[in-house]
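In the part that follows, the structures are each spelled out as structure tokens.
Two complexes come next, and they have one chain in common, chain A, joined by chain B in the first and chain C in the second.
Take a look at the complex of A and B:
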């Protein structure tokens, strides 16, 4: 049996499974509450003039788009550093990136003060070049809706081709060279833009000055945010892949997963070195070893990146599925903490100011998280995304031939005459 | 001894005004009229000074009709340049009824001398409205009705600047029922270029900009339909109002002295005419003192630069707003200080617990050694060499 060789759609499970329906219900609750916010205002949230950023921004946008940076980090490793094996998981990485960005942007639309002005983003004449939020506001939708969407085109294209009539296929074949020629430019853009807006997220915190605790406030924030997005994205792709294997009873490919672990370990090592170097250079080492809650948070956050790194740098540990999985989960949570703590917990705009999300806010946030799960599971059931061996691909094709009479291609995608 | 064809440069040198002072004046002029005027449309104060230095000092004759002298007052209160600098160095104010020492016959003689000296070349500044009812008997100067004086002087001027709302279109004296039949300059004089600088009072820098522009190039700045120079009257006060964020957020003072008024909220509901009033007050304050303008001191704008608003619509009546306004469904942003809600805490705990539990359970199922086929997420055996499969 060979390890993973190509994407195979999840074919032998019902589309509307029970967990899917549960997450769908949560999603609908979240979207329903968004309507409430549109007409009732932000009154039901825990936000105030001091804490203008609730969890929709700090968790759903800032934290979850870091998890959605898998396509960015793995893409750079695979295309630029020629880590060829990582192309196997590229479709998963791109899809997770897309769903996280999509849900994050939706949360942002609900969260901004004047959502009815969102169309201004489409026209540079309506931009406010003085705004510190301009870069993030323009760059994120541009990346997700154009560059990331373009990168996610191949599975959709394949599926369309398989089911299309001859005329449409001919049209698709004539368009294909153009799409292929454009692809490298979009790929390049898809690495420039996240580097820009992920660092801008860090720069936004930099602007908050001494409202932010000195353990997190640093002029290195923009760079740290980009590198840490790589940790979070890679870890998230590992968790997604392994959880998918568990749920849909796929086989694991420890070589590829080990490579991902190695990539994550290297990026984390760079991240930790810069983070601690920065703390020392700024002379804040003392603040890290006081007995207050912030230093505890700091150490919890750092250890949950450091421990997985130590494991992932040992080739022997990288071959143990449980270690791989737990390391990925821990590193992912650690990276999420690095995003969430400085925006919410270590962000103190004044004495006696306090923010805790209301129940409805939490429900809405959970709704957007569920949306990512719903979109992801729906997509892997429809398109060939989750990696598997060629053997499983042949089985999937045989299964599809029995169930879909419209398919008229062989397992290599070539048209058959019937 | 005044030499008539002196340029400004020569005059200033002769009077011992330092170049530094002149550059300072030019910078302030650039700030007051940043665009729309040919003289200030330069990169540096030096460039403006070079242009302005070539100008001949304009001769200005200033007539008062039915007015409160407020427009002259605002000129008197300008400290940069101060009045003495202004009337002696920058312009040549040859006749001004309330500033001159002369009276009676001497004053009348001064007017005619000034007109004869610059016949057809002087700038006439008119302050106050002109009554026309009953053959203009409601105001006479040297025994002549005001209309006659205006016609006599105005027809010999090069251009006429109507300063203040009264001279522009009647102002306070023309408030219905308008007992004297008061009207602005452009009702009586048709064959001369007229610039209206409405306001009650207007900003003196606007006057200065127009006069200097005319002195240097012989042209008047671009005017709008009401003959107001566009460079100062192209935007409504509302666009740049420092209280605009309160308007957008729906925070309005409801009565003078209430909480909102004390906190500097929007004055729209107290009758502020800012949304419909074209003037630069919100960006160029008076007397070179910060916040010296009506809205800055907590009084609603009365719309003095608009013919259809000031003295026509009551001061405390609101006007319809044509541009963006806060929607009725505008979400309130105020929220009480946060507290830990039990339900929310439970939900967060539930979420965190679910993630943690799921991760642990999942990891247990990964615990099998390579080759163990009994668990669902079973790992593949070691990869074999290519081609062996």
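Take a look at the complex of A and C:
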């Protein structure tokens, strides 16, 4: 039997650990500054008319929602390509996706200069259908707040149910079949929508035309962006799972993690083939082999995806925890670079202009990142999300039966009536 | 930028909404307003001849007062208007340009080019920036702008500017003095120009005039051509210059507009997103099947082990 059998909540650690409190503080600072920002302009940021998009858009939205594409990529592998074992990590994937999107949407809201005009979003007749930004603005909240949120319901539902009174349980039982029947409809939407907005994020850069370095500017950007989201999302779930095991001293399941590594390797291969094919087809191979900073950047970015891929395609290497972890981290950084570079470093509006985020801007950005960590760690402590062994499950159930007066479950964790 | 694509995009946007909300969407009116108008009829613009301009900057101050802007006096310590570049207080500027190796200089007037296929309009999510159907002037609507600054990222001429420090920030750019045009007048800058270096007219008239000047004085103008006739898909503000256009800070653009380049992919993307509903139905069918067998399996296992099943 594999070490990981089912989602188990992280029960044996204090809720308010020290790192949690630190991240919570950073989050509160970020959110507090965001509230203050609502009363003033954006003058305190490092953004300018030349670099009109700062790290909130380029990092918190562009880059981190790619990391939040685990639910999308792993979900497709699990549900559509019948990769059964991956269902075990779906809860983690869906949760990481939700927290990244949630924080990204928050950053987007803070970044927008005239938020009071956002109501146009509700009226399709006010949309400019040619705008990729419109597509992102419509698709992203819709996906995160409805489809992805729905996919995340089961753990929440389970916890509510085992604590609920008989009356509430009866009500829950009566709606449950409907919710369950609807589930596949939401899952399907949760694959169509990210495909749309993740590609639109790439399409956004097309209008920047010559301002974007030719190693990145390409008609293939939309497609490359979706595929790279798959690499980033899968890698991020691997890193999250392994870091969790490390922090909470849980056993690693090298078979399941190896499967994730394999999936990541496959997607990366596809990405690299298209990336290089595109460079060659556009006749930019020369630009990739000059001595300027851009070609160095290009190779660093590419190798960060290629090297882990080469490891992840070897079954033997996939069984080594250190290799798995380092590969996932490196590929994740490579994928992040591909998202971040074109919007900032390789984005060169004429003449000598420069963007560096201001301290407050960075602090707010860090706040949104901390928010993802806070939400994630809080959720895994409250709900059965992170995969663990059966022993772990039984211990968690016993612990919960001891500590919660309201909970009514048998020793297997199944809801009981009395 | 054909009608076909517009229709296709309309379907796309409706498909997106359909997938999402299954709600009926209205017709995407914004798209109709965003389309470029026929370039040679009704379109109005300006012709700036850098070889005539004396750099008196009368147009700069006229623009400022005609548009109710506060003069930018930062560089001069509050003494006189001295903008460094187009900015949120400056819709029009005269700059000094230099030739490559010679000491040759020229002035250049910069403002919105009123592109035939404007990138800013193409990207603006709710149609705050619009290309007016009547005369092709690109205008900005405060009630539709969300302040996303995509127009700044998109504009190849780096024209739109944002009021960064303002609580109620506006996008500032030349709107060809549309308020004056509405009263039957002409732009403030063309009206005050003492040498007629910048003149107002329909685009076709201006183009003809520019070509006539080139013909009259061979060798006087760089490449014997009009910048903006085709550059970046064509613009309604046209330039004649003795120095290379690049030296004036006018970007070297192909004949395809950035908007066309960007939307071409949109239409490819549309090819596999035009059918989002089809794709959605297809995926639902697959996932429904998988889901049912997955659940059966999970229920059986739950019965065997006594553990609650997890989705």
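Assume the second predicted complex is superposed on the first by the 396 of 418 C-alpha atoms of A that agree within 3 Å, B and C clash if a C-alpha of one lies under 4 Å from a C-alpha of the other, contacts with A are read in each partner's own complex, and residues count from 1 in each chain.
Going forward, a contact is a pair of C-beta atoms (placed from the backbone, for glycine too) under 8 Å apart; a residue touches a chain by one contact, two chains touch by 3 or more.
Nothing here was measured: the structure is a model prediction, and the numbers come from that model.
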(message) Using the superposition on chain A, tell me whether chain B and chain C clash or fit.
(response) clash
(request) Classify the contacts of A:366 with the two partner chains as first (chain B alone), second (chain C alone), both, or neither. (result) first
(message) Quick one: is A:49 in contact with chain B, with chain C, with both, or with neither? Answer first, second, both or neither.
(response) both
(message) I'd like to know which partner A:41 touches here: chain B for first, chain C for second, both or neither.
(response) both
(message) Going by the contact rule set out at the top, does A:159 touch chain B (first), chain C (second), both, or neither?
(response) neither
(message) Contacts for A:299 in the overlay, against chain B (first) and chain C (second): which applies, first, second, both or neither?
(response) neither
(message) On the A-aligned overlay, A:319 touches which partner chain: chain B = first, chain C = second, or both, or neither?
(response) first
(message) I want to verify the contact counts: of chain B and chain C, which reaches more residues of chain A?
(response) C
(message) Looking at A:246, would you say it contacts chain B, chain C, both, or neither? Reply first, second, both or neither.
(response) first
(message) For A:135 in the superposed arrangement: first (chain B), second (chain C), both or neither?
(response) second
(request) Would you check which partner chain A:282 touches, where first means chain B only, second means chain C only, and both and neither mean what they say? (result) neither
(request) Indicate the residue numbers of chain A shared between its chain B interface and its chain C interface, in ascending order. (result) 39-43, 45, 47-49, 113
(request) Name, in rising order, each residue of chain A that touches chain C in their complex. (result) 6-7, 39-43, 45, 47-50, 52-53, 79-80, 82, 87, 91, 111-115, 117-118, 120-121, 123-135, 137-139, 142, 146, 154-155, 158, 180, 183-185, 187-189, 191-193, 195-196, 199-200, 203-204, 206-211, 219, 221-222, 349-350, 384, 390, 393, 410, 412-415
(message) Touching residues of chain C toward chain A in the complex: what are they?
(response) 6, 9-10, 12-14, 16-17, 19-21, 23, 25-31, 34, 87-88, 119, 121-128, 142-150, 152-154, 156, 158, 160-169, 249, 251, 253, 258-259, 261-266, 268-269, 273, 276, 279-280, 283-284, 286-288, 290-291, 294-295, 305-308, 310-311
(message) With touch defined as at the start, can you tell me which chain B residues reach chain A in the complex?
(response) 329-341, 343-345, 347-348, 351, 359, 362-368, 370, 376-381, 383-384, 389
(request) Would you mind writing out the residues of chain A in touch with chain B in their complex? (result) 1-3, 37, 39-43, 45-49, 51, 113, 242-243, 245-246, 249-255, 319, 321-322, 324-326, 329, 352-359, 361-363, 366, 389
